[in-house]
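Order of writing sets the labels: A, B, C and D. Residues in every chain begin at 1.
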Amino acid sequence: MLPDSLSTQVKVLGPTRFPNPLLQIRSTFVERDRVLLPSTLQELEPYLHREPPSFEMAGPRRELFFDPSTIACGILTCGGLCPGLNDVLRSVVLSLTYAYGVPTIYGFRYGYAGLAAKNGLEPLSLTPAVVEDIHTKGGTLLGSSRGPQELGDMIETLERLKVRVLFAVGGDGTLRGASALAQEILRRGLEIAVVGIPKTIDNDILWVERSFGFATAVEEATRALEAAHAEARGALGGIGLVKLMGRHSGFITAHASLANSDVNFCLVPEVPFRLEAFLGALEARLRARGHAVVAVAEGAAQELLPSSGERDASGNLRLGDVGLFLRGEISRYLQGCGLEFSIKYIDPSYIIRGVAANAADSEYCLALGQHAVHAGMAGRTDLMIGYWNGHFAYVPLALATAQRKQIHPQSELWQRVLGATGQPDMS
Amino acid sequence: MLPDSLSTQVKVLGPTRFPNPLLQIRSTFVERDRVLLPSTLQELEPYLHREPPSFEMAGPRRELFFDPSTIACGILTCGGLCPGLNDVLRSVVLSLTYAYGVPTIYGFRYGYAGLAAKNGLEPLSLTPAVVEDIHTKGGTLLGSSRGPQELGDMIETLERLKVRVLFAVGGDGTLRGASALAQEILRRGLEIAVVGIPKTIDNDILWVERSFGFATAVEEATRALEAAHAEARGALGGIGLVKLMGRHSGFITAHASLANSDVNFCLVPEVPFRLEAFLGALEARLRARGHAVVAVAEGAAQELLPSSGERDASGNLRLGDVGLFLRGEISRYLQGCGLEFSIKYIDPSYIIRGVAANAADSEYCLALGQHAVHAGMAGRTDLMIGYWNGHFAYVPLALATAQRKQIHPQSELWQRVLGATGQPDMS
Amino acid sequence: MLPDSLSTQVKVLGPTRFPNPLLQIRSTFVERDRVLLPSTLQELEPYLHREPPSFEMAGPRRELFFDPSTIACGILTCGGLCPGLNDVLRSVVLSLTYAYGVPTIYGFRYGYAGLAAKNGLEPLSLTPAVVEDIHTKGGTLLGSSRGPQELGDMIETLERLKVRVLFAVGGDGTLRGASALAQEILRRGLEIAVVGIPKTIDNDILWVERSFGFATAVEEATRALEAAHAEARGALGGIGLVKLMGRHSGFITAHASLANSDVNFCLVPEVPFRLEAFLGALEARLRARGHAVVAVAEGAAQELLPSSGERDASGNLRLGDVGLFLRGEISRYLQGCGLEFSIKYIDPSYIIRGVAANAADSEYCLALGQHAVHAGMAGRTDLMIGYWNGHFAYVPLALATAQRKQIHPQSELWQRVLGATGQPDMS
Amino acid sequence: MLPDSLSTQVKVLGPTRFPNPLLQIRSTFVERDRVLLPSTLQELEPYLHREPPSFEMAGPRRELFFDPSTIACGILTCGGLCPGLNDVLRSVVLSLTYAYGVPTIYGFRYGYAGLAAKNGLEPLSLTPAVVEDIHTKGGTLLGSSRGPQELGDMIETLERLKVRVLFAVGGDGTLRGASALAQEILRRGLEIAVVGIPKTIDNDILWVERSFGFATAVEEATRALEAAHAEARGALGGIGLVKLMGRHSGFITAHASLANSDVNFCLVPEVPFRLEAFLGALEARLRARGHAVVAVAEGAAQELLPSSGERDASGNLRLGDVGLFLRGEISRYLQGCGLEFSIKYIDPSYIIRGVAANAADSEYCLALGQHAVHAGMAGRTDLMIGYWNGHFAYVPLALATAQRKQIHPQSELWQRVLGATGQPDMS
């Protein structure tokens, strides 16, 4: 079910009133075209006699809400690291400076904590010279943190520094926070735009066909799978077991399994399985082929694991460790079978998210940052930059955070995983 | 202008008549959904009262035209190397064998030459064991060649070996050849399907949003640009000049320039420029910043170069060497200016296309091969597997080869290049 | 103290008696030169009036003990994976085949288990075609296992298959096993040479200045350290904690710390430290700089950890997990300090050893395999191929396994680590 | 023939007179040990009754000639780029600052040109913050240039800025220049030390067993060879021809050929060959195996090529282009034979030298910079930091520049190349 047209409308601070300085060097601007939500005939069918839902297309507008030469902007990064964070920071700073001539850019340190001026954290002053080479390194120049802050504290800082556009780079929780902030700003009648830039190494945000850093993360994940395959083939009854990121969505695990065709079992949160079915299939594979590679998303099989009930600073439930759990269960089961075996467990964890972005992600981050700047200058607020049907688009934060993107077991993606691994139905 | 609905119809050998063996292990099949060609409201506008044009969606069908357990299939690779060729070969072989149970697969050597049985070339017998690890290496297991062969010779081989589906992996010329072959087969009333798999490192085939190997090629190209940047910064008046692939379309050069933000001049075939304007802008850059990086597509500025009039085996006109030409012109011009300078010219040439596919391309090739197999089994012919609006689709070869995909100077892509390089209008 | 000259003498099966087939294509052979053990004047001083100790130089001899055209050879790999194993296998097979014309080569599967014909394991028949591309993948074609086997069983297989030279690739335990086997063979008066090829990812075998795979392992380890640095800088009070291989010798940890200059604390087994001193120094670093990177070898600080007393199949004591231990102790301590902090723990484990060899290691493995073949053909036995003072050399196994190579706290290496990390004396 | 002991003595500015500040944190210093030049018994033989030649061992001394807290130092980089230049710069700056407390460090721009203050070039002020991340990029922060400058101009700058130790990073020509400068300084009775740091991507400087950046360059070179191999296998009669760096010494070509075992012909300057012999052998290889890979050093076969007689700014004779020459000759010859063939020519040129150093080179550069600083502080001058028998050592510049290091056709290295390629004697 596609959302209705109303829910795809992005908030605007007010009518535009300043000419875009890009008019001097650029001839094409986005006028009124919009990005279709349907991409197939079946999806389009319900809309034969009315306009199908669509997103406002991202891009520069001829007229702006803000006079860029007179304002300050701010940017912050929240949540876990992701390849490309520095590319996004750099793109926003270069675009604000060179394309729009914004004179002052603040980089708030350690996420919302810095915006709330916690711990006496002062923002960095960001210029092209500061960000020149940062994209060659992983991590984030600004630092990051988890968890919300008081809306009042954050607005106070924005007011004090005369920030007119705030760019918030982060995941689900960060975008909810950005939305709350944008709404409180509107409620107070302030002229400050809040633009979200979706960051999710798990690729689990709706209306973002492709999240930045994801391709790089999958590339890194395949390296762990290759090592697991070498270990599996290197021992009699060798089992390479790899745990990959993915709390609620197994996209990294699924795509890495498809990119590395040596995976025999791919386990994701969206497709529950019975432990005995898995263990039996693993035994059969070992008897037939002598070794096996298992890729498991960290959020898989949580229903089989005892929960600690603990939560992290972002409010996420602490997951049980499915990697250690499976290692134990596999050992116990195979010992019972009397099969000779050797399990090698690999948890690449942060290695996957700490690297610099690859070329495709780097280019994508460049565009993402530019579109965020275009949106803010034109007075769009309470939105994020989505990517849909091959176009960057403006997506209301409420729509983006309403649900989580997940692998559908009937989807072409999952069917391909089943085909590539050859794993049986274990539900 | 989008093509009309008629031209998007794919030819079918006849009614399907055998159940798909995948019915035993898979629950989802493509029934009747189609991929929309329009992706924005403006593109959709002309079709408010009639069905917009669409492609048949790729994927497995419940019923097949061939009985896979009784047939032989063949595959060949033509034209220049491209990262992912071995992934595609492997995917086709694994899919034919494991998903459909096809007992005999021939790999024709050195492209159409092998299919025409030239030079006594015998086909390889392809099995999962033969292709198991080939995707970890660049190149093509089968070898490749350029140029057409006699249709009669090729059909004779297909008949002799009882090949029922032929997969042809190649570019523009190869796909035209595949179309001619498919039509001659139909004219003769033979039941042989010809399925094209589009290969273009230049990413210049229509209805292929993303061509396999392209992401890998851009990744490699950025390495050459990084070296050029190091050289440029390393000398007083340093100029790093890099020639990249792209005979008629500058996609590699443009995307690599966006992925590597150190390029100051990006020159592509689609956007002609005046030599004096370029040289003047280069001088200005050198005076202002002391160094410069220039990325030029091999097909750029051909109107400024004397043509040899020669053609290669595929019938492509031999291009003048724009890299050496620019090196000479820049030297001459800057010597005239009395500026101290140092040009370092880099031509990575085949290094870019000889590497193994990265993770994203590898996964894409896996899907591409599977969809080609699904298409052939269902009796589709004279088509290629395209990729449009995020879906794999069946595209008639006539439509795909009608024109070449190029960078539009008004496109968002080129506008981004102009923004990223800061290069002036040099037309 | 250097060993005496007697202990550097390698055993020989008997006088040479066949001309080396290399005589037809090669003009240089090792005649009588030997590799000096001393490399400085101080080391040479005790030998002013007598010949200093030296190793027999590796290389082809004009005369052989075996007639290569009539014999069979065997090879096996033991212990943990190490980058380059496949390169060594390939080099031995190519050298036996092309340089010496040995007609039959057996690859025993899963180490000594395969040689003892356990589990009905049959050897592979190794030819140039089988090993052609194996060096592009990590792992070992033959598989590996730990632990000794009955000498009688192994000799029986060698006799049954008429193997005249056995190449054993492995670490400390494997080389002891090879020595025991060689001695039993000599005791029985059999003409079978046993040549060891030292494999130690930890670089802890004596008289091996550089062990194969070590450079690759360090390269991989620095990637984990880079990720840890990104994580450390990405959080307020960020601590990146990385556990690296090194049970008894901290060479990987030390060299990776020197190659990646962002490590602030390098902890190795050879340099014990007081926990409070480390925690205090870490606190000081965090207060001064806001973040820290800690690299710890798996065998470090074992005296601080409770031992399980368990042993693995090779008889190695199971180590306590120093990474988890430190993570816990650091958390406890810093919570007590009231400092805001965030620990990210990375254990790259098998990722480091499963990759293919880099260029330097690949070339080294090629030479190592060739020298092992030269040694075996000339009838040398109970030896390994060492590397000393820049030369490959024949080292008696008794000498090589007498002790373990470790980092000396007074060595230039460790002094450089102290300088690079800036860590204080924590003993 | 090893040099006599006299010629291995390094010049010293005067007696040491200040305590080393490292005494406070370090317990080991180099007292009087020296590095042996002989490494085999045969080399040692002539010295049975006298001390064999040796180099002063590199390392910190207890007493210094300069008071580091009061002086300025300078550093410059000359000649072509080489992986690791930034690592060396960084190491020198960190060591001067943190280990010795030198308050002022100048980075002269564009080599000797900057030292001679040509073009109004002002030196950079180098601090740990400036060099913090430079090692993650290729190139040189300071820029580089070729060719000598007036000694008087350079000494004037040193005097004006009160520089007491100058570090010159460069090749043959640079080191000769450094020696001339050091001698003129001594002649004038000035107290300025000149310390050379040998940089040669060709690995052709004597008494440097391993030059920094060389391992990285070989690693990159193997990537070009892999692409050539893919191209060669991808065409009927495919020939991959790769030109690699190496004006007078073919070390890169030889080592890359050994690291990448797909090279069939390795051509280096040190081993002349007859063109007909090569062409005939190539034809034989093509007839037997269908494809071939040829690696040629840029300085190979110069006697077969017409010389332009031109020289570059360093005074090096401009080489004829052996790659294009061979491509032409091979084409002509094979057309004459009537063989179907396809040549793909790859010239990776600057791509190989513009990358960042790998882990092994990075660590090596760290040590090299530290030893250069130790040497300068102790008043050593007119020397470079060599590496011999596994030790860093002080080598008089006169000795280091007396000759060029080359591949000896009888050496183990070249014999291994012949074995690995299987190429016949073509002299």
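By our rule, contacts are C-beta pairs under 8 Å (C-beta built on N, C-alpha and C of every residue); 3 or more make two chains touch, one makes a residue touch a chain.
In this text the structure is predicted, and so the values were computed from the model without any measurement.
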Most remote chain w.r.t. Chain A, using mean C-alpha positions, is D
Quick check: more C-beta contact pairs in A-D or A-C?
A-C
Cα centroid separation, chain A vs chain D, in Å, comes to 45
Could you tell me the distance, in whole angstrom, between the mean C-alpha positions of chain C and chain D?
29
For chain A and chain C, let me know how many angstrom lie between their CA-based centres, rounded off.
41
Of all residues in chain C, which are in touch with two or more distinct other chains?
137
Which residues, counting only chain A, touch chain C once they are in their complex?
81, 110, 113, 119, 121, 137-140, 143-145, 223-224, 226-231, 233-236, 238, 240, 340, 344-351, 353-355
Chain C residues touching chain D - in the complex, by the definition given at the top:
25-28, 32-36, 38-44, 51-52, 54, 57, 59, 90, 94-95, 98-99, 135, 209, 215, 218-219, 221-222, 255-256, 258-261, 358-360, 362-363, 366-367, 370, 389-391, 410, 412, 415-416, 418-420, 422
Contact residues on chain C for chain B in the complex?
133, 136-137
